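One chain, chain A, appears in both complexes that follow, with chain B as partner in the first and chain C in the second.
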Partner chain A sequence: MSLQGHSANQATKDVLSSGAADSKALAAITEQWCADIPPGTAAPLKVHYTERPGAAHGRRFYPDVSGWAASHNPYVWSEYIDPSAGVMRLVFGAASKLHARDDYPRLVALNAPNRRPEAYFEEICTHSQRRADFTDVKTGAPETGYVLDLLQERDTHVVELLTSTGDAYHPVTGEPIRALTCEGLLRDTPLVGFTREILRRLADAAGRPVELHFALQLGDRDGAILWTPRELRPAETPPEPHPVQGRILLTSSGFTLGRSRLARFERAVYISPAQYSPLSLSNRYELARLLGRLRRAFGDSPWILIGPGRWGTSSPELGIPVRFAEINGAGILIELAEMHDTLTPEVALGTHFLNDIVSHDILCAAILSGREGHRADGTYFEEMPNELARIMPGMESWASVVRVVEARACGGEAFVVWADAVQRRMICAIEFGRGRG
Partner chain B sequence: MNEQSNAFAVAQAQFDEAAGILGLEPAMRELLRWPRREYRFTIPLRLDDGSTQVMHAYRVQYNDARGPCMGGVRWHPDETMDTVRALAAWMTWKFAVLDIPLGGGNGGVTCNPKKLSIAEKERLARGWMRVMARELGQDRDIPAPDVYTTPQVMAWMADEFETIAGYSHPAVIAGKPPALGGSQGRTDATARGGVYCVREACRTLGVDPNGAFAVQGFGNAGQHVALLHPEILGGGCLVAVSDTSGGVYNPNGLDPKALVDHKLRTGQVSGFPGSEPITNEDLLELEVNVLYPAAMENVITQSNADRIRARICCELADGPSTPEADTLLHVRGVHVIPDFLANAGGMIVGYFEQVQGKNNYFWTLDIVHRQLDRRMTEAYQSVYRLHKEKSVPMRLAAYLVAVSRMAEAVKLRGWV
Partner chain C sequence: MGYIQDVIGIVERRNAGEPEFLQAVREVLESLEPVVQKHRKYQDNRILERIVEPERQIIFRVPWLDDKGQVQVNRGFRFEFNSAIGPYKGGLRFHPSVNQSILKFLGFEQVFKNSLTTLPMGGGKGGSDFDPKGKSDAEVMRFCQSFMTELARHIGPDTDVPAGDIGVGGREIGYMFGQYKRLRNEFTGVLTGKGLKWGGSLIRPEATGYGAVYFAEEMLKTRGETFKGKICTVSGSGNVAQYTIEKLNQLGAKAVSISDSNGTVYDKDGISPQKLAWAMELKNVKRGRIKDYADKFGCEYREGVRPWYIKCDCAFPSATQNEISGDEAKELLKNGCYVVSEGANMPSTPAAVDLFLEKKILYGPGKAANAGGVATSGLEMSQNSMRLSWTREEVDARLNQIMVAIHKACFDTAKEYGQAGNYVMGANIAGFIKVADAMIDQGVV
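Moving on, here comes the complex of A and B:
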């Protein structure tokens, strides 16, 4: 099937307007484009349409790799990353793990596939996918297994494409530890170039950013890798102009990390930079542990977390030395790039725990004091009623540093956050009911 | 900035307390509370895209009265001269308490290694060495791995040094890969050193080595300590372990080997068969003979110190107890083996690497273990003696031992 120029554009628009279900038409569009992509050294790539991608391995049925890709990359954690080149996330097994909060898909910036947010192999192991989803062939029920167990029944070719070893060793056996990195797949096959090109063409044809789901069958060493498109849809874009009404509390421009969104929150936790600055090193660590206890007290209800300096830093003079588990319930993470009467640190934008930020779909934003488009209304959080002592009795002594502010206790409906990943802008306001604000 | 929020100010305050108790004369105090030499320099780093980024770099040789300096090189976005000074000071005290003939050093580069490609990291390592080479040497200052500087980074640095020097120089860098003269026994040295201290504490205090123990944090040190405690003490029942996912508990014992396998396979300790869940907080308060905090700073504070029921608390992590908690634990009779001493095993193996490199003769793993045991045992006993003599907490006793040894060396040299 051959599609050129106008017809490809129209076909893409038809797919997008069809409710994203017409993966057969999508396969027809992309098959033509695939011919332009240079083959990899490990295996060529072929577009292959099938209703149900995957294969049975014993009693387990699953695609070798499930992928999500977007034509605009909202995770620009390094200056080397070109957001317009796109991004993809890959998991071993069924697509349900692509957006799971409890595991780590491989995050790939399509213009810099070898850049990883981890600095050494032990960190890579910690942030690699551990569990994979599959369907039980006999019962048809979805199930989950451990990646390393599932890979034991696969041939070497697949293991080599999907996993790596490094300078981390099993403390009992001394064997190198294997982690799912997709390194061979990214290095030795045309997948990266193909995905980048196909996203560009689809976005051009659609006239807007797009997202794509796909699956891969890795075949045997001499065979082609089969690429099956699953779903094409317009990328989520926030309403324009932003509908945020009420009192604007926080704004950031050019310093956000995370997808576009319009979200509402019941509460915000504000760490006062002026009160944090005089704390001793020991008390800064203590504050980090307190935030962990607060996170448990909040349960599953997400909140906005605002504080001075770099979240997750190991140097408490430059920020709050939390571990990710202590703040993983936050929906929005705001870094105030100012330290009272001292220095202005380089912003971290969540890079101390980037994989976790992505898995938990947290939006990070930095607010640089004094810069155009940036604003933090600290006075508001300082003056509103503080719920800390009510939520955590016995912690009153921290009330001047830790401000737990609830929208309803301030006469509002909710804290509303609007974020645009393309413009990298964020606005947060307290929203009031009708007739107020 | 508040004094106590600066790492070097904290290090100086700790020194001042020890110097006050020891009654050191003013000139000695002034000499020991400041680094002897500091290097602050820039490295123009050619990036892969052809552009150049200028990196700010440091090296501090804190005090070499007892021998050449040794200490890590950190690559970290938050690196500052004061962090480097503080770490160099702590290295000095640690080597002194261990009675190792080395002084303390530390260095670093303010950079985010997560943003650097492998080629850029190599150029950065070589660039750092090109500036510092003339100030380093097996008898002057020996860099070692630290945050984000791996054995590979050490290998590049060693190669650059030898290229500049024009001859083989294996003792100039510690933490190299074994194939380039790295020492055996580095992987589990931190945990092993801590367990040797615990064994000595059990003997000294009459604590049953077969009793229960718990480990908070199950990274490299936590995993090794779970495996080594029963091996070195000849017994002991691991009843609880935790990581960021939560904890697992079984009063009848958890199989350490199976637990390590589970952690490496699943990424977490939670869900380990035959265990029940336990929170990190509850784990700390278990009635056990030995508690190993091996995770993070300030987990034992004044709010939970009165509920710690362990007989021995072996601090494998850096700074797991606040100063207030440390005092409370001392008053309540919990025997704290301070981080200062407990997690020094890796440093000792770094020293062994320098010794082996100088002789170009490399020890077997068994010799490394025996030498590490001897050093840790002697260090523990010297700290314990002072702890009893002066009725001070073990942490302060360790500082007193270290500072008095440094002061003695300075005096003998006639510097003060």
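Moving on, here comes the complex of A and C:
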């Protein structure tokens, strides 16, 4: 199955151009590269082609780990992360959990696999995968169960590779609580180095950033870890040059977090920094709760959310202390760093709920007042008709702080957002119909 | 208000560029108007001018090596605000937003919070602009060791006893305690929040929830009532809510709700100890949604609402800030609720608080009702000083005594100032008086 040099490049291009997932060809391409990767201390890794990765554990059939990896990391939340090293997301069980909005795959920066956005183990537990998907062997139906319940049926080798403990304890038994961190898998096996190298070679061969789905079978303590490629596709890239026309309202450069995209929105919610700054502590929390009610009123229609300072901060003097559930319908989250005249503005770029932002595929951007490539046309949002009172009757007193602006009410078609994850640029404009703009 | 406004003016001139601190000073001092008007001694002794000035401010360099071997430099702070009634006591915060203004604001408030517990604890706050997020264990350890290398000169079990705060959990306390021990060659209670095996106290996770229930129990006693048979609503499903429900069960009440950010479970049969154990496993171990409780036990679940629509005698907001709006407060009262004890920080909006005070229900504000957590830090200090570890029952009994004392201080103070039953006023003033009187007794220092 081995391929060499030019033929590997051509085979990669063939896989990418075929449109459908040809995991058998992908296995052939990657198998030879595997030999170049140093083995880990816990287990070697072998490329293994199979139509249906996984194994039965009692009545449940699932792969031990399902993964998604990309050659360019759009989630640069720390100065230690090198975006060109790539990223992967891992879940225990079937791959469907990789795209679930209500759970937390393990996010791994491939040049810094041990760095996590959480400060404590308790936070790690909160942002670890809770449920895993599997197929019922008897009925063939997809089902779901708690990760920790499923792991009780597995041997300690698997538990040790996938979970860790810290200073969080069971409230009744006092036993340490386990969280699915994949720490052993990342530390003691060649998975990180292998994935990074495979992505680099695939992207080189393809001549563009790529994304890859794969599955792992962890085997027993003395056996190899079996790596099965599932699907290779080109990473989404935004159209160049950007097609945004109309009045440019927001721009950010070097301070975005999230995938590339070109997306349109009916409405934007703008929290006026000038009006937010003098609010009392209590009113800042009140505003956060109001945003939660707005989120429910908007339903499934996503919107752009723009506001001063850090979204989700626990210190309301630094931003808006929302909980993620209060803003999880937003498609774009903008932090305006211009809250105080006397303090250096700080932005968090969504890291207060990074895992949620990744799960919900939200794009975060910070706009640093006065910096080149950064612009926020606050005047536009302040002057356009405010729909708050219409959507939330009785909330008129908040109208000076909370501006709900709808594109059509402003004579436009939509708010359009273009974002390039590689350049870390974002442009937002209001698009007008023909003959305007 | 002349004296108070004069002092606020001085603080504004001296601390320009510290908006958080200025706002806190304004709010605290303005709430003290009745005290200053009634007792001339506070003005004569220049207590307000002195109490707004930290006794000592320490700012220091914290150099450390990251995993790449590169030198990183952060700034460390400790504001030793007031030691009139005991050693400085207050958390250490590691967060990139940490600066002088924020720590002074937190330290100033800590003076009164600690005083209200009736324990001998002064007030302080400290920390660093270090961000533990994204750092490896080894980096966090090297930072903590460097931070403590300087801080150790300024703290001690009888001088200043820091605790944890945002970004400082059990791991960081452990690293700092270890470094202090190495530098001083002594095993003392220099930090609180320690591990149970090396000087920590039992009942820490339980303290805030238990305390909120004990405070409510004392409020009920003022009307000759107990918890027996009372229907109670509880919001949240974290530690505070869980242990509020546990203590309510122990005292004969029936807790009928539990919630999370997605919705509320209404269990009209009551959340029994067995059901609570199941909910604890769900929330603390499996990290599931509270809706699963409703599915498991076949009770009502409402998406996106809080439990204040449920008929009850007592309410225990234990989730988050501003979770009881003015309208929700009206609904609570309409449904017969006449006791509100706040386990969360600032869960009632100003409109809700005004309504509770106007209707003269038994309303225990968070600064008094949720002081159980701070009180347990004090109990950890006591155990360390005595070289003893109390049992769960002993710590719980002492926590109860403290909450009884806090209630008495608030109740008596409000009565003294002509506002019997107003625990908000009582809490604001009681904490100040103890510190201010101690400062007068100790002369101009």
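Things to note:
Just so it is clear, the second predicted complex is superposed on the first by the 433 of 437 C-alpha atoms of A that agree within 3 Å, B and C clash if a C-alpha of one lies under 4 Å from a C-alpha of the other, contacts with A are read in each partner's own complex, and residues count from 1 in each chain.
Criterion: a residue touches a chain if its C-beta (ideal position, glycine included) is under 8 Å from a C-beta of that chain, and two chains touch if they have at least 3 such contacts.
As the structure is a prediction and not an experimental result, all values here were calculated from the model.
Aligning the two structures on chain A places chain B and chain C in clashing positions.
When the two structures are aligned on the shared chain, A:Ser314 is found in touch with chain B and with chain C.
Within the superposed three-chain model, A:Asn114 lies in touch with chain B and with chain C [touch as defined at top]. When the shared chain is aligned, no partner comes close enough to touch A:Ser397: not chain B, not chain C. Touch criterion met: A:Pro278 reaches chain B, while chain C stays clear of it.
Chain A uses residues 77-78, 80, 114-120, 122, 126, 130-131, 146, 148-149, 167, 170-172, 177, 281-282, 285-286, 288-289, 310, 313-315, 317-318, 321, 323-325, 342, 346, 351 to touch chain B in one structure and chain C in the other. Listed in rising order, the residues of chain C touching chain A in the complex are 16-17, 19-20, 23, 66, 94-97, 99, 101-102, 105, 132-136, 166-167, 169-171, 195, 205, 242, 261-262, 277, 280-281, 284-289, 304, 320-323, 325, 346, 349-350. Those residues of chain B that touch chain A in the shared complex are 1-2, 4-7, 10, 48-49, 75-80, 82-83, 112-115, 117, 147-148, 150-152, 187-188, 220, 223-224, 227, 244-245, 257, 260-261, 264-268, 296-299, 301, 303, 319, 322-323.
Those residues of chain A that touch chain C in the shared complex are 77-78, 80, 102, 114-122, 125-126, 128, 130-131, 146-149, 166-168, 170-172, 177, 281-282, 285-286, 288-289, 296, 310, 313-315, 317-318, 321, 323-325, 340, 342-343, 346, 351. Within the complex formed with chain B, the chain A residues making contact are 77-80, 114-120, 122, 126, 130-131, 146, 148-149, 167, 169-172, 177, 277-282, 284-286, 288-289, 310, 313-319, 321, 323-325, 339, 341-342, 345-346, 348, 351, 354, 394.
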